[in-house]
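A, B, C, D and E label the chains in the order they appear, each numbered from 1.
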Amino acid sequence: ETLRFATLKTGTVNWELDTIKHYELDKKAGFEMEILEMAGNPATRIAFQGGEADSMVADWLWVARQRAEGKDYVFIPYSTAVGGLLVAPDSPVQKLSDLKGGKIGIAGGPLDKSWLILLAYAKKTEGLDLAAETEQVFGAPPLIFQNALQREIDATINFWHFLAKMKAKGFREVVSVTEASTALGLDPETPLLGYVVSGDLVNNKPELAKGLAEASRAAKTLLATDDAAWERLRPMMNVADAAEFEALKAGYRAGIPGEDSVDVEAARSMYALMAELGGEELVGAAKTLPDGVFYQGE
Amino acid sequence: MRIDIAGKSFGSVSVLGRIELDIASGERIALLGPSGIGKSTLIRMVAGLDRDFAGRIEDVGRTAIVFQEPTLLPWRSAVQNVTLATRCSASDARALLAEVGLEGREDAFPRQLSLGQQRRLALARAFAAKPAILLLDEAFASLDPETADRMHALTEQMIRTHGTGAILATHDLDEALRLGSRLIVLSGRPATVKLDLSLAGVRDDTGRRDEIAERLKVLYQA
Amino acid sequence: MRIDIAGKSFGSVSVLGRIELDIASGERIALLGPSGIGKSTLIRMVAGLDRDFAGRIEDVGRTAIVFQEPTLLPWRSAVQNVTLATRCSASDARALLAEVGLEGREDAFPRQLSLGQQRRLALARAFAAKPAILLLDEAFASLDPETADRMHALTEQMIRTHGTGAILATHDLDEALRLGSRLIVLSGRPATVKLDLSLAGVRDDTGRRDEIAERLKVLYQA
Amino acid sequence: MSEARQQGRLIGFASGALLLLAWAVAAHLHGDRTVLPSPAAVLDVLWREARNGNLWTHLSATLLRVLASFAIAMSIGTLLGLLMGRSRLANTWLNPWLIALLNLPALVAIVLAYIWIGLNEVAAVVAVAVNKIPVVTVMLREGTRALDPRLDEMARSFRMPTLTRLRHVVVPQLAPHVASASRAGISLIWKIVLVVEFLGRSNGIGFQIHLYFELFNVAYVLAYAISFIVVMLTVEYAVLQPWEQRVSRWRRDAD
Amino acid sequence: MSEARQQGRLIGFASGALLLLAWAVAAHLHGDRTVLPSPAAVLDVLWREARNGNLWTHLSATLLRVLASFAIAMSIGTLLGLLMGRSRLANTWLNPWLIALLNLPALVAIVLAYIWIGLNEVAAVVAVAVNKIPVVTVMLREGTRALDPRLDEMARSFRMPTLTRLRHVVVPQLAPHVASASRAGISLIWKIVLVVEFLGRSNGIGFQIHLYFELFNVAYVLAYAISFIVVMLTVEYAVLQPWEQRVSRWRRDAD
């Protein structure tokens, strides 16, 4: 059986998928992987929605929102790697409230998970309405990255591999999303990113869903320890120097979720908190976490 | 051909009044009348280019028109202007062009011709179409007397050889006498036929010519 | 005005040969010649619209031209066609339009006018410009005799009141005699001045008129 | 005349209604409302967004950008087009630049503008204008080349002042080209504005469309898309068509 | 004549060289080569991609899409434009649809095409054509409206066969509009093809450009963008300009 993945060709998921393919972890898990390379995130959504792909990568908040709107999507954990809020090396900002009146560049739009979590965090810990007190500039990740380097914006929330590169250039993290989630009572081990598959697939071909989870886990186990596997990936990682390479490697490893299945209760409480803080704007129609978001094995 | 027009107006301005004419096949109508009276309008109606009028025009047959302005395709050469419109052969077209005095200019574009040359080209085009009825709207204006004479001769020959009928709008009585077999004068507002007479024998009768010229003068001033 | 042309050609075709003329101010040149000889070309050169020739034309003064085709702005009314080109007032324009017989058509667009009416509009426009020299390229073609006569009279009056000079291309010797003070005939290939004579007194001298007509005939056939 | 216009309007309405109907039927047949929601569902969203004010915020932001870029692109493009249509030399010199600019991908222009000018309004408007100027230039250049040389000579011989000439001789001849450049222009501009908003703005219809697209909410996507289409239909019937009818009176037969 | 053309070509080269120089100087002044790489750096990338074959794969994929959509859009758009320019009734009926289609965001059209037709070439080409057809229609409609009614009457009175009429009376008058519709058209199509490739293809220049944009590798982005610009410059100077010179001979003074 084949399982088709729509992925961003430059995305970090590709490291994992490529490893699966190369070491034939898919065959071992009982399926054949087929990769549909796309040039942008929207494209993976079209491929998935149009039925041209069986899986793609998204965060569980997105999946929860889709489920709340009636779509039967299921989330299979992939990574806990998330970013944080970064400022320039010489920036005076120490805590979020120092950003009042400043400009925050946010990759991925107002529904970006890191931004949502930080928003909730600011409200809860500092009583700060971050959205109202700062100006947000939403934009394409590379543009946000570049504008941050040019100091056009005071703080940055971006995909973790961009953040890794920025850290390599001396940028400093004010709050990490992990910190924020912990403060919000969330299990930091709750993986934010995952593979999305349809409930149909989970129900009718459970062995495929299971195989996917297994292959992913096997690849992670390999990448967690095997530096040679990383050397193999290096050409596709688009790194300028060894520092960046190491930063990305470390970032990936740090993001490997634990073996335990997802703590649904923790996720539920976080979702409720965000629904309370952000309302419909943030989480959509459902006030509580819909059932069945997380893949529960068999 | 039967012309039976109840009236023709542009917007609120009534240009032609009731006009009823029976025209035998092969008849050559010289259409006279002051500038702006409606000669071109009538010719366009006969040619079927203007159908927005009360009344009807029947049994016209195949017409070929020389518009008051040359109306050529500026992006096609002289020869092509003839062949494309009439489907005659290029060599026939060249022969005709030579006859109207455009020898050597066959491959010129219209804008590279003098106005007189353009008119002769338009004339050649109408001849090439070999119509049952020639509609000439002041086809011989802005030609020098010699050239005009040659064109007249050519038209006469054309008409004679093929028994072609004609309607020719003109301001020149002598031209009318030379080419026409029947004179029709429009006048008034809206215009109606004020004079309709046969020209048989008038051509060489200076007395009758001058008499007609006098009557025209009166009609034009009306 | 001094015209000193060494030659004018379009591409490889040489149209005008050497032409040298001294024209006194207020002189009225009647320019004759067969169709396609180069009259319009010469007038356009005098008007400064064609500078691509060998030689020079000096001291022309302010000209106003009536093109052989009316050349009006189709999207502007008759009045506006006069006022926009000449900056004369709308009421002056209306008065002039009435004089050329376009009363009641002042607000019509050019395409709503008969060709004769368009020509008269172009004439009115040239008059309104009050030029030092009027350039008329067959301005009276396709007008009925009565209207042509009125236009001639109007032109005469215009010329007389303002002492305007003129160059008028025409095919009509009588028109030339009526309006011109000097006759210039172009002929040959390339065209040169074949006849250049004063018209003083010729107007009422039928003998000399016919003599000139004869000479023209010969020249045209050359 | 007025009767004909009334009838025209009637037909326009009928045609619009037919469009809606076609959509409704298609939506009904298709079944999956998440992929193709019914007109009613979209209208509902439109109504909700209008009531809560979001629609106006984003619509006005987008309209402002469209207007600003349109004004800039049309004026610079027209000038360049006139120049290149008139002067052979200018054309020979500028043509390679024009072709290069014409075929520069919108993305590249937008990214460069955002990087050089910063993530702000100026960059957004400049990026759109840069995309649109060459298109206007091309269209106006062709129009200028097709100008009637006889009218030009007439204007020269009567020494019409430059402004009069431009307004009464040149512009009426260019009008069809300007009209199509404007219509095609606004639509092109708006398409680029969408990308510009997607890549680096925090409001506007394009921002919303991409947001809801991320969420797969086709009803919202269509609602926002339609809001702009409605604006353009209004402009078409309230501004463009009356203007066109007025300036093309001379083509008609009678007064 | 031939001399003038030679000179024209020389100026063209000089102008292109100037463009390159301007870029080189800007790159030098800017300093940051990740943001604005020098022409040499981009050329180097171009060379590398050409040698390893990537360039040709993607370029040919994109060109095929551009050509197919161009052919479809031009033919359908021209037909519709002629129809709407000729018939008042057709125009009144179709205009609302035209405006709607004209202002339908590319994204919406593309997404719908991909979802309904599937992630394949057909969908890609259809999506682009749908975006482009209304633009061509608008341009040709204006052109058709500006047709000289006198020539039309001439053709009618001589009963010229429809095809002759189209070819010798109508098309030469529409030529300037078709020329600008083509030029603006190809560039627009290529811009949309980029989006189409971005949203649902796995090859093509647009795919590469977005890919390298994600990686923020401006040199690659520019290299791929330029590869298409070079193609278009070639088309311009090898096809379009000679064609234009041939068909506009009649405008010139002498033979």
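To be clear about the criterion, a contact is a pair of C-beta atoms (placed from the backbone, for glycine too) under 8 Å apart; a residue touches a chain by one contact, two chains touch by 3 or more.
Values in this document were obtained by computation on a predicted structure and should not be read as measured data.
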Least step count from chain B to chain E, where 1 means the two chains touch: 1
Those chains which touch chain E and also touch chain A: D
Centroid-based (C-alpha) most distant chain relative to chain B: A
Inter-centroid spacing, chain D versus chain B (mean Cα positions, whole Å): 49
Between chain A and chain C, centroid-to-centroid distance (C-alpha), Å: 85
Centre-to-centre distance between chain D and chain A (centres being mean Cα positions), rounded to whole Å: 38
Touching two or more other chains - residue numbers and ranges from chain D: 35, 111, 115, 210, 213, 251, 253-255
Touching two or more other chains - residue numbers and ranges from chain B: 10, 69, 112
Sequence positions of chain A contacting 2 or more other chains: 42, 49, 140, 142, 146
Complex contacts: residues of chain D adjacent to chain C: 150-151, 153-158, 160, 164, 168-169, 172, 247, 249-251, 253-255
Residues of chain C defined as touching chain D within the complex: 44, 47-49, 63-65, 67, 69, 71, 73-76, 80, 84-86, 107-112, 125, 129
Touching residues on chain B, where the partner in the complex is chain C: 10, 32-36, 39-41, 68-69, 101, 112-117, 120, 138, 141-148, 171, 216-217, 220-221
Chain E to chain D touching residues, read off their complex: 8, 11-12, 14-16, 19, 35-36, 88-89, 92-97, 99-100, 102-108, 111-112, 115-116, 131, 134-135, 138-139, 141-143, 145-146, 149, 176-177, 179-180, 183-184, 186-188, 190-191, 194-195, 206, 209-210, 213, 218, 221-222, 225, 228-229, 232-233, 236, 248, 251
Chain E partner contacts - residues on chain A that touch it in the complex: 8-10, 36-40, 42-43, 46-47, 49-50, 52, 140-142, 145-146, 238
